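Shared between the two complexes below is chain A, which has chain B as its partner in the first and chain C in the second.
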Partner chain A sequence: MGLLLEQKRDSGGVLDLGRRSVEELRRFTVKRPVGAFALALVLMLVFLAVFAPVVSPYDPLVQHSDAVMEAPDTHFLFGTDYFGRDILSRVIYGARISLTVGIASVALGLAAGVLIGLVTAYVGGATDILVQRLMDAALAFPGLIFALAIVTALGPRLITVILAIGFTAIPRNNRVVRGSVLAEKNNLYVTAAGASGCSQWRIMWRHILPNVAAPIIIIGATELGAAILLEASLSFLGVGVPPPSPSWGSMLSGEYRTYMLAAPWMAFFPGVAISLAVLGWNLLGDALRDAWDPRLRGS
Partner chain B sequence: MRRRRFLAHGTVGAAAVFTACQSARKAPISSSTTGASIDETSLTPQVGGTFQTVGFRALEHLNPWKVFMANVDFYLLGVYEQLLAYDLKPFQDYRSTYKLVGALAESWEAPDSSTYLLHVRPNVRWHDGTPFTATDVQWSLQFMSDPANSIAAGDHFRSVDSMTLLDDHTLQIKTKQPQVAFLNGLTTAPKAVIMPKHVHDRGDQFEKVAIGTGAFKVTTYDQLKGISYTASKDYWREGRPNLDGWRILAPTDEAGRLAAFTARQNDVLHVSSRRQVDTLLPLVKGARLWTFVRDIVDDFYMKLDKPPFNDKRIRQVVQMGIDRRELLKTLDAGDGLMNPPGINAVAQGWALPQSELEKLPGWRNPKSQDIQEAKQLLSQAGYGSGGLSFTVSVDQAHPTTPNQATVIAAQLRSIGITVNVQPLETTVYQKNVTSGNYDAIIDQGGTSSPGNGVWQTRFHSGGFLNSMPVHDPEMDRLIDAQAQEFDESKRKALFLEIERLLAREVYSIPLTADPGYFVGQPYVHGWVDNEGANVTCADWAQAWLDQAQAPKSR
Partner chain C sequence: MRTYLIQRITLAIPTVLLVATVTFVLMHILPGDAALVKAASTGAQDQQTLYNAYRHDMGLDRPGYVQFGDWMWRLLRFGDFGRSYGTQDAVTHQIITHLPVTLELALGSILLGLAVAIPWGVIAATRRDRAGDYVPRIISVLLLSVPNFWIATLFVVLPAIWFRYMPAPGYVSFFDHPAVNVQEFFLPCLALGSRLIGATLRMTRSSMLEVLQQDYVRTAWAKGLRARTVLSRHALKNALIPVVSLVGGQIAFLLGGSVIVESVFGLPGLGNLTLQAIYQRDYPQIQGDILLIALIVVAVNLVTDLSYGWLDPRIRYG
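Entry: the complex of A and B
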């Protein structure tokens, strides 16, 4: 793996991105081929998103009125849509939206979820009880309904979609982090840190947090797949990123659905893109979990 | 093993999609049969059966005076009626003559240009058995014309000076000034249906109680599940209706309506593209196709009292930046017509001819001259380096305006204008339209009828839908003048003057008259299409089903 977390439990954790990266990557590919495939998918997605203007054969918003709903051919590899727009270009640019929404919303959900889980688990007592009951209440709402309500209230824009998806992830992330912190906080190194005069914030931030980083990264990777799917769902329902932005989800609704029989390519390729993106992140999350979760190591 | 199975299934799936793509590519696009009519004069209508279709928009409630305009036509025109109607025949284009016939008014006279005597039918009853009289007509027209009641049709009846009941079945109406289109307005003014005075007087709400004089009565109404009707046994037209019932299933999107059609759960469709027609016809053996030019006026309206559209140059830029030919090419495979301002292009003699339109800025061919001028004007208005941005709102349930907005956004983007397309839920959209809460909208208004036009409602000062607003004394003068001009040739000339003024001042930007494709199940007959945006029956009483071919459940 390109990322390596070297955890020294007694010193509070140190990140090492050095010379063992390549060796780790080779070992990872051999030991976990599915994870390697997932990593390749994810890297391809990132590449497309970052280099979309270079890779994309056409501007995704330009309408070719001479080539409306054309089947795939040498000019338009994925065909064109109802407005004569190149579907391949829209799929490529759609990766930008998916990745932007995915990363931003996961970052928001993780940041808030980690903060809440870390603090409440460490502090404990009435604070923990009260906050966790609120989190439980939030967890009772289905994620899509919760996100739908937020986007409807705030209006469909990129930023509101990010906020909506991020907020839905907070209760879940909080629960995972809280569990990990509860397991860590009774360890000797924490007691030692307290005895040596460290403040509570320093203990949480410098000692406990690095030792629960692995599950955080794992849920982050898994959450990305879910975030991409949720964004596609919101766009499909018409409350996601507004048109004419090439969101994969919006490319499955409206005319793309209506003309499923007449022009199946219009919905096929965005559907495949969503599937591969979600598959990639989910498999990557699974592979990371297998690699780093001590409970599953060797099983 | 699992991987091999996955790969095998994946290969088969990909091959299937590839084959489908190739089949779709090779599917021929048949030539349009625009204008061809279906002759049913030799057929004898059968009695019985229930017609079924799928809604395209939820019905807000049962009050035709207050619901969305298209919903009146689609859901309630079989229940309520107007005083006059056009002479409608199945699969015939009524717009060639616009001949008026009596509906609730059996006959009428015009002793002078400001006086009308309406003789209402004596043998008509409301669905609860109460006799229908001229009192109901007088009350309905007065109620509609009261501005406090906020009824769109009120615009047309505010020209009425007095209404006098001469007897139970005769109403004398005097208008403040001669108004040539007064009688046309009795059938075309939006939602100008006659309602039961006795139901209002006893305190019932029209939103919940539907008692009309029409061929059908409402039996069940559920906003989520749909609405069903039964034939009115006391209907005044002898031998009508042909059907026992009518059923409108809960609304769904176009894909859902198409799927229901192929499953024979939806009896009629309007399809918006020839490619879709060519795909659909082979799936439903014997499906009937009728093509026409849609009788709608979709205009690009702008908020004229605030930036950026309070600057006429910006309006001119947008007018010239919109390429109507490309709109038709992209959305309609090149079929259809470019509309002049405020009226549908099919209204020959009343609408600016295409040859004159093509010389005006915004309609010129090739488009390069328009684009060049647009960029110059944009620069003069201070947006030479970009920065002009606005939002265009559309009704997300409308079959054409969201797509038009998408194409227009791309066209204006090419000249440096950023357009945000904002699809809104119908109720929210309507509220914004009437309150003027928008930058720009693409809205439907007006038809090809020389009695209607969109003049009074949209462009006359104080018009019900004049939320832009337009306050132009010359416009008001021309609109009032044509309303009182009984000489048809002079009135046509006034129509053309209004259209030229609209084109000069760019109070609205007309778009296109799109082709329409009616597709019906093989057992559907007697269908009178309103030739609008959505498939709507203009006369429920004439429709009938071939029982031998219809599904058993009907």
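Entry: the complex of A and C
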């Protein structure tokens, strides 16, 4: 009955639909201001990354030889670095690297973490014990040192940075997925699926996975923040995506540090960019958790 | 309790051995090695001959499993981590000289973090949804998002610009000049501990909020106890378990972060040592460092688990 009424009200066409989504957005903003703020930050980041060539005032690699280390002014809103490159443009282009590495490595880490966690938790037995010990051992490694070793050995390139960061996230993701699957697998619907003749594989992927999707999406958002932070840290240590690509972390390191006292704006804006990007994903993760998993609120 | 301890330590052994194995395998399956780095650094004409000679010197021309067996045997039999390829010094000696800096850094961050975060978290919980709650909540979220290398950079740059203050170069041991040492470590500890402060603050607040709703806390208020006693004796002690668990879990992050903080502040610690070793593909040193870090992490986890029993006497081990 409720559904029928809903449909009737919806029949106003495209115009009404538009008005309704605006209304929903307004309600969402009032109800969850932090979530809305996070969403705005994340969308802004994505927008800047996608439309970097349109939005940025200059080419990030062009050296304005007449304006080296110029303080922020109307021409260069964030100032220029010691090559005379526009820092605002470099920060905007930096969003591309940050987001590319973030999304790709989180996808990798989640795919592997979900596969391992789902299968071992469901199957159990000796495989589970062995994999768990391996994951415990991996958790005793500091992620940064682990990623650092991988990237140094394979050579700093975009793909190796993605691999290294994705790798470090696997044990954490595995743990979350495993915990959720263990809680789910004794439910009646799993038994029912088995009784109706579903294969083990089908039970895992079609019955259990959709039920543990919420925690997976929540850690996806939080892990994106962590991945962006780790990418910046690697670049900062000089083993990230190689120059002249404008990565936020490398804009704070190396030769830049020699000139920071003379041109402190070089030290300021890239750091703000990293912090805002990480903040956006962290808050989004929190908001999703509050909305979907009230038991974990505030933890 | 004793059975529990023995059980835990027995369980930790395979974990640490596994860490050692994984580190070894990882270092050796990745392309390039220390001989290559060393040969390239000489800039000599005949790279290949030099490379082969170095490989032989370092024992890298032996099959992988022989190298592994040899390394493991020395480690288990003699506690010998081997010699660093770079400095030719014993890995153990390198670790002993560099470890105190990192330990002081990590301990300082934890102490600083707890001293700031726990009282603040308690205050935030008692002022729920008022300004005294919002400010620490916002600060904790910010601290969880700001990268520690940026904080460290600002700690170096800003005092230099504002006060023309430059930290004295070089490391001074606490036992030689305590005052100079503390001055030297304060900002690095704060930079390293920033994230810990944010996480602890957040956890203390939410854990306190939960405990403050318990019946025994209401009873304590009803008995007319002073606020101080209710909050610290009745509420905080019971709220601390998740906080302790969180801090224990952050130790791996702190040791990883020491790589960055030590390099920004030029402190000669384990992080810096490991960073240089990684750049030079100095296998014995990397393996030794990572094994030690894993040992510390595993030990801290054990101590964390044991502390639950002190915080909540109902928890029994066995």
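FYI, the second predicted complex is superposed on the first by the 266 of 299 C-alpha atoms of A that agree within 3 Å, B and C clash if a C-alpha of one lies under 4 Å from a C-alpha of the other, contacts with A are read in each partner's own complex, and residues count from 1 in each chain.
The working rule: contacts are C-beta pairs under 8 Å (C-beta built on N, C-alpha and C of every residue); 3 or more make two chains touch, one makes a residue touch a chain.
Note that this is a predicted model, so its numbers are computed, not measured.
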Note = The chain contacting more residues of chain A, comparing chain B with chain C, is C
Inquiry  = One more residue to check, A:L283. First (chain B), second (chain C), both or neither?
reply    = second
Query = In the superposed arrangement, which partner chain does A:P242 touch: chain B (first), chain C (second), both, or neither?
reply = first
Ask   = Which holds for A:L261: it touches chain B only (first), chain C only (second), both, or neither?
value = both
Ask   = In the superposed arrangement, which partner chain does A:G179 touch: chain B (first), chain C (second), both, or neither?
value = neither
Message = On the A-aligned overlay, A:G194 touches which partner chain: chain B = first, chain C = second, or both, or neither?
response = neither
Query = Which residues would you name on chain A as touching chain B in one complex and chain C in the other?
reply = 257, 260-261, 264
Query = Can you list the chain A residues touching chain B in their complex?
reply = 61-63, 65-66, 68-73, 79, 82-84, 238, 242-244, 254-255, 257-265, 268
Residues of chain A touching chain C in the complex = 133-134, 136-145, 148-150, 152-154, 225, 229, 232-233, 236-237, 249, 252-253, 257, 260-261, 264, 267, 270-271, 274-276, 278-279, 282-283, 286, 297-299
Ask   = Touching chain A in the complex: which residues of chain C?
value = 14-16, 18-19, 22, 26-27, 30-32, 141-142, 144-147, 149-150, 153-154, 157-158, 160-161, 202-203, 205-206, 209, 242, 252-253, 255-257, 259-260, 263, 274-275, 278-279, 281, 286, 290, 293-294, 297-298
Message = Could you list, by residue number, the parts of chain B that touch chain A in their complex?
response = 17, 20-22, 24-25, 27, 253-255, 258, 273, 275-276, 278-280, 283, 326, 329-331, 333, 396, 402-403, 406-407, 409-410, 413, 420-423
